[in-house]
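Before I ask anything, let me first share the structure, which is written out below as structure tokens.
As written, the chain order gives the labels A, B, C and D, with residue 1 at the start of each chain.
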Amino acid sequence: MKPLNRLQMAWRAAQDIADGMVVNLGLGMPVNVSDYVAHDFDVVIQSENGIIGVGPLASANAADPDLVDAGSRRVTLRAGSTIIDSAASFAMIRGGHIDVTILGAFEVAANGDLANWDNRIPDKGPLVGGAMDLAASAQAVWVLMEHNTRKGAPRLLERCTLPLTAVHCVKRIYTDIAVISVEPEGFLVHQILPGISRDALQARTGAKLAFAPDCSDLAAPAIALPEI
Amino acid sequence: MAIEKRRATADEAVAGISDGATIMLSGFAGSGFANQLVAALRDLGPRNLTLVVNSATHRLANTHELIEAGMVRKVICSAARGHDKSGLSAFEQLYKDGKIELEVLPQGTFVESIRAAGAGIPAYFTPTGFGTDLAAGKETRRFGARDYVLEQAIAGDVALIRADTADRWGNLTFRHAQQNFGPAMATAAKLAVAEVRGFSDTPIPSAQVQLSGVFVDRIFVADVRA
Amino acid sequence: MAIEKRRATADEAVAGISDGATIMLSGFAGSGFANQLVAALRDLGPRNLTLVVNSATHRLANTHELIEAGMVRKVICSAARGHDKSGLSAFEQLYKDGKIELEVLPQGTFVESIRAAGAGIPAYFTPTGFGTDLAAGKETRRFGARDYVLEQAIAGDVALIRADTADRWGNLTFRHAQQNFGPAMATAAKLAVAEVRGFSDTPIPSAQVQLSGVFVDRIFVADVRA
Amino acid sequence: MKPLNRLQMAWRAAQDIADGMVVNLGLGMPVNVSDYVAHDFDVVIQSENGIIGVGPLASANAADPDLVDAGSRRVTLRAGSTIIDSAASFAMIRGGHIDVTILGAFEVAANGDLANWDNRIPDKGPLVGGAMDLAASAQAVWVLMEHNTRKGAPRLLERCTLPLTAVHCVKRIYTDIAVISVEPEGFLVHQILPGISRDALQARTGAKLAFAPDCSDLAAPAIALPEI
């Protein structure tokens, strides 16, 4: 079976979102998660720029330049939404009022350390945005990332090598080939893509893996990536 | 004598901003940039400015014009580059050449420090950034089971913010996500100037005011042709 | 499945509040008291409570009923007596007898500490109270030319607040000066319960919401006959 | 000439309020100041409970139990007003956005220390309210108080004897017989009630007085106290 594509990974994370949750979705892959939340759920999507209750992307003719999410996407408001200023938005984030934030990452360590910002792009200044606040203070931090870099290096490590975003924060990791939680003892695998053995998964991972007793197959429906 | 905070032109609205000033600029994610005030500030041309702005570069903001004009000594922000991957922005070139000072903060710390200045709080502890490069050298302390970083207030000489509607008291409303950093910046700056879409000749109803005119010193009704 | 935060009775709205809880009560200057929830709390009867309430006694609040019922171990407030000069209130009698613990804070520190708890800030420096008895024994520090006191966040287990209208998401509006401590308390408590005048079957329009339902767990529509 | 009564003292303080000022008025005597502000001035009266733009007291049939000031008085709103929550209200106060607060006091010291709360009423708990925040952070603190206690003891002292509200904060004092500012060198008298000599004023004061070169007569129009 093929590894999950980015939208399938978003779909898989969405399956773990419960009714009534307040969720913040990071730029890039994570924002797609909202498309796969059960339609009859009341899930509140919070965006750092102050929107509480982000709806789907706006259609071209309904797009409003002042109705944007933190990723500058023109969005709609869900019923029951409101908008607050940035000070209040980050008070909400830092105060622990976000149940789950789903973030992209470069690396996650077995102690839950997260590295998802990088100030080492040559000549470019650092860009951190709201990631540190979200990672430090959301009730749960879930990571969506490929299991390995394009060069095949592991992203799940004993210790992060890149600059940290926050310490001891990641609870779950959804990769293209596995679903893994971070426990006090380290990484615990809950699902593996059929066709990948436990040994093969361990070989592609930079830290010791444990396997849950009920470890099962990772599966997702077919979802085509949009043509770009 | 009635309060009159309106200024007829953007030039009048930014008049008096001088060399060395710390300028706060609202706007995030494409909404809330006071671009006409920033253009007037560029024309005024004060030097050695410190900018307090979330993004040093955003494609819908003209912050970069201040930087390109060599007016900026330092930038305090949470994003020192835009998402544009092609080439180097003016900011990035100056940063590469070591010609501009940079202070990067997590966005929540950035805005809480601005709010703190406006609220009379010189410093506060936050969990954000603990254990990261951005907290390197900063005082830390443990409260309960967690570690926190001591962060200091960020005050401004001037805030240039964008809003939707103003009345003659300087009360403001904002459209959707337009407010972002504007309200906090207005409270933290000695002089707060608001660029607005429209002016209401009657008072904005109490329950609709999103920022009290107490925090707003000057109003400029944006030129729609600009 | 739709969010449903409404509870049919005040008793259901306060169900589960247990001995030793820290209870935040909104209300100031006669407006914003969640008196029906407080009455239900008295009937529920948990003991050893800590109350976080601006005034230990206000003639329009029934906070005193909790105190008279012997349910309260400690009060954190900015005013440990009302303006009534006749006789001793229940609180004052217990205070005189050393049977109730008291922590008095300047009102701005009281509410900023509550806001801090809701905003993830464990401690902050304030100029208020420096050099006074209320800062005795507290850590102080000089920033610039002024001296400041380090104050700690105040978190609650429960907030009982009063508002005007709620919708099914728990979004709230407030009448006039009714909000006072309510919004901050709702952010600072694990369980926030709002007593409201009315319930809106349609969502409260985004721009009219004064406190997001994210911070509100239960809604009780007040009995107008009570 | 008779000493000023409480309303005349309020009138006198009101004469020093400039157009456009943001003013907070303490409970008791100070709230009367608003009645004497020039009618064509845009003065914003802030109340600690979050009202920005308090108007006159409400008439009996217009009184609204939710439209109250910090003293529980049922008030009206002026044009251009708005209402914020207590956290925002005290952020405004502590942040220095109040131009003048006018407070009652028990004692003022020559170094500007203010004592206007008292936790020593027998058996009663302490009541501080918002006075400490206002005194510490308003741009100017003006005090309205009788020059002496009922027993004739001075209220203007070298050092306060009662618990302090804030240090080094008072800028001006309006008493029933004088208008005095607090300078780095101590008390400076600007107006004295006709018939009271400088020596007599000094004798009623617990700290050294200096007199401004343009020290003038204190005068106020006749204002009858309401019958209670």
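Here is the rule we go by: a residue touches a chain if its C-beta (ideal position, glycine included) is under 8 Å from a C-beta of that chain, and two chains touch if they have at least 3 such contacts.
Owing to the predicted nature of the structure, the values given are computational and were not obtained by experimental measurement.
Engineer: I want to compare two interfaces, A-C and A-B. Which one has more contacting C-beta pairs?
Structural biologist: Output for the comparison: A-B.
Engineer: Distance between chain B and chain C based on Cα centroids, please, to the nearest Å.
Structural biologist: 33
Engineer: In angstrom, rounded to a whole number, how far apart do the mean CA points of chain A and chain C lie?
Structural biologist: 36
Engineer: Counting in whole Å, what is the centre-to-centre distance of chain A and chain D, each centre being its mean C-alpha position?
Structural biologist: Comparing mean C-alpha positions, chain D is 56 Å from chain A.
Engineer: With chain centres taken as the means of their Cα atoms, state the distance from chain A to chain B in Å.
Structural biologist: Averaging C-alpha atoms per chain gives centres 29 Å apart.
Engineer: Two-or-more-chain contact residues of chain D, please, as numbers and ranges.
Structural biologist: Only 83-84, 90-91, 93-94, 137 qualify.
Engineer: Among the residues of chain C, which ones contact at least 2 other chains?
Structural biologist: Residues 112, 115, 119-121, 126-127, 207 of chain C touch two or more partner chains.
Engineer: Pull out all the chain pairs that touch, please.
Structural biologist: A-B, A-C, B-C, B-D, C-D
Engineer: For a test of understanding, state which residues of chain C touch chain A in their complex under the given definition.
Structural biologist: Listed in rising order, the residues of chain C that touch chain A are 1-3, 115, 117-121, 167-169, 171, 187, 203-204, 206-207, 209, 212-215.
Engineer: Which residues, counting only chain A, touch chain C once they are in their complex?
Structural biologist: Listed in rising order, the residues are 19-20, 22, 40-42, 44, 46, 52-53, 77, 79-84, 90-97, 137.
Engineer: In their complex, what parts of chain C are in touch with chain B?
Structural biologist: Within the complex, chain C touches chain B at residues 112, 116, 119-127, 141, 143-144, 146, 148, 152, 173, 207-208.
Engineer: Okay, in this complex, where on chain A does chain B touch?
Structural biologist: These residues of chain A touch chain B: 48-51, 64-72, 83-87, 90-91, 93-94, 113, 119, 121, 123-133, 136-137, 163-167.
Engineer: Quick one: which bits of chain C touch chain D in the complex? Just the residue numbers, please.
Structural biologist: Chain C reaches chain D through residues 28-32, 56, 60, 78-81, 88, 91-93, 95-96, 102, 104-109, 111-112, 114-115, 126-134, 175-184.
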